[in-house]
Amino acid sequence: MEGFGFVRSQPVEFRDLDGLGHVNNAVYGSYLESAKVDYFREIVGVTDLQELGIVADLKITFRSPAFLGETLAIGTRIGQVGTKSLQFEFEFRGPDGRLVAEATSVHVAFDYELRQTTTVPDEWRTRIGAHESRTLARA
Amino acid sequence: MEGFGFVRSQPVEFRDLDGLGHVNNAVYGSYLESAKVDYFREIVGVTDLQELGIVADLKITFRSPAFLGETLAIGTRIGQVGTKSLQFEFEFRGPDGRLVAEATSVHVAFDYELRQTTTVPDEWRTRIGAHESRTLARA
Amino acid sequence: MEGFGFVRSQPVEFRDLDGLGHVNNAVYGSYLESAKVDYFREIVGVTDLQELGIVADLKITFRSPAFLGETLAIGTRIGQVGTKSLQFEFEFRGPDGRLVAEATSVHVAFDYELRQTTTVPDEWRTRIGAHESRTLARA
Amino acid sequence: MEGFGFVRSQPVEFRDLDGLGHVNNAVYGSYLESAKVDYFREIVGVTDLQELGIVADLKITFRSPAFLGETLAIGTRIGQVGTKSLQFEFEFRGPDGRLVAEATSVHVAFDYELRQTTTVPDEWRTRIGAHESRTLARA
């Protein structure tokens, strides 16, 4: 997927459908959460749930409904790294390449022991920078 | 609801429907879980999630589909208290009184620190006994 | 809730928690969906799922986590009625009055038979206008 | 997986965890539903949701909790084909081979137009028989 160095493959399951027969809107929030967990594990090297931080903001624009039997591609990248936060960007595409949804979410580093926000670790910054600049270089 | 001293009122939400337009089968597992949490809080006096123990067994028989706009009544009782376990019994009824589903679940007392099953506390036994025998006496 | 003529009472259920012990982010999307279904039924007079239309856009800002045992108040209003769309605004508050989340969603009238967007019915416009202006007048 | 000719690979997602940090009990109902949908599509040749029929009965025994990062194998077979019903049997195993859960569900053929149960089509019977006897022969 153009502009995305990390893509999650997301099959649509029966439980994801709602009473109108397509993937429910709220389920996209779960889909991108899984993409984010994958990104943290594979790119940033974080697997401890407690280190994942908190979501401050979520925005999804729905372009085309998705259906059972489809496997969506979820392009996932970090567009900006702030002092305490990461801005994720997502693009959902159907198997036919059509744009299904676009989303962004702001993720804040959080210290669950101190119960307060914290700065983004330098190690994260380095790994994210390396990964995303490789993607940019390829583009 | 006859034979049940504790009844949870469970509105059907849009998110509970599946692609066939009725309450999804797996959602009944969430409904009875909520009924169990309520029973623990109101009858047994337990609110700490860690004290709730684990589910060993779950059985649901589906009698009639449920739909958006309905509020179900979930009759909830403990039919048997073992050394380490509680046997829950549930009856789901529609607003028209029809039987929607019946279920049982076996709940095992669990010590999350020691990571092992434990005996049902005497205090639980006393409270459950008092509540359920009042129900029996009324019947 | 100030500025909202319609408020949904939303108990937090066990199934709404995630592995971090608070209400999962994506679940807010289901909560506001239920508030919207209630608003459509009680204010607009629409109960047929097929008439509910589609969601074009969803934005949630998370202010404070919510926990099991809390009942949230979801203030729900329509801020703007366009030719084909409705802009919903939501405010989630905890039982202590704290702001839990804010959200907006754009809802598009949709003809499921023709599979295309359609204009907002005049009857909806009238009912929404009457309800929301009463709220404004009270403020 | 011994005795199962059809196995679904089921990654545990973040949304599947509950407040106790492991896969929620009700989620197993969604997992086996997906396994059943896969079995219908790949073995029986049915993809239309309306043809899937209804679930009459569901029984799950939980043996060992499952966690984020694990991919479960769900062995899926039909143990018995009745006049109007199919008896599914499931076995959930962790990546280390441990038994996570066992389940059965009774599936009833249903005519959604006539709103009544119907007989299992001969074509289903033939395909299921061929598939399951191949599995038996291999054992």
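Order of writing sets the labels: A, B, C and D. Residues in every chain begin at 1.
We adopt the following convention: a contact is a pair of C-beta atoms (placed from the backbone, for glycine too) under 8 Å apart; a residue touches a chain by one contact, two chains touch by 3 or more.
Being a predicted model, the structure only gives us computed values, none of them experimental.
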{"item": "Chain pair, A-B or B-C, that carries the greater number of C-beta contacts", "value": "B-C"}
{"item": "Chain separated most widely from subunit B, comparing mean CA positions", "value": "A"}
{"item": "Subunit B-subunit C separation of Cα centroids, rounded to whole Å", "value": "30"}
{"item": "Centre-of-Cα separation between subunit B and subunit A, whole angstrom", "value": "36"}
{"item": "Subunit D: positions in contact with at least two other chains", "value": "14-15, 19, 21, 24, 26, 30, 33, 49, 68"}
{"item": "Contacting residues of subunit B [partner subunit D, same complex]", "value": "19-20, 24-30, 33, 49-50, 52, 54-62, 65, 112"}
{"item": "In the complex, subunit A residues that touch subunit D", "value": "13-15, 21, 30, 33-34, 37, 41, 47, 49, 68-69"}
{"item": "Subunit C residues within the subunit D interface of the complex", "value": "14-15, 17-19, 21, 24, 26, 68"}
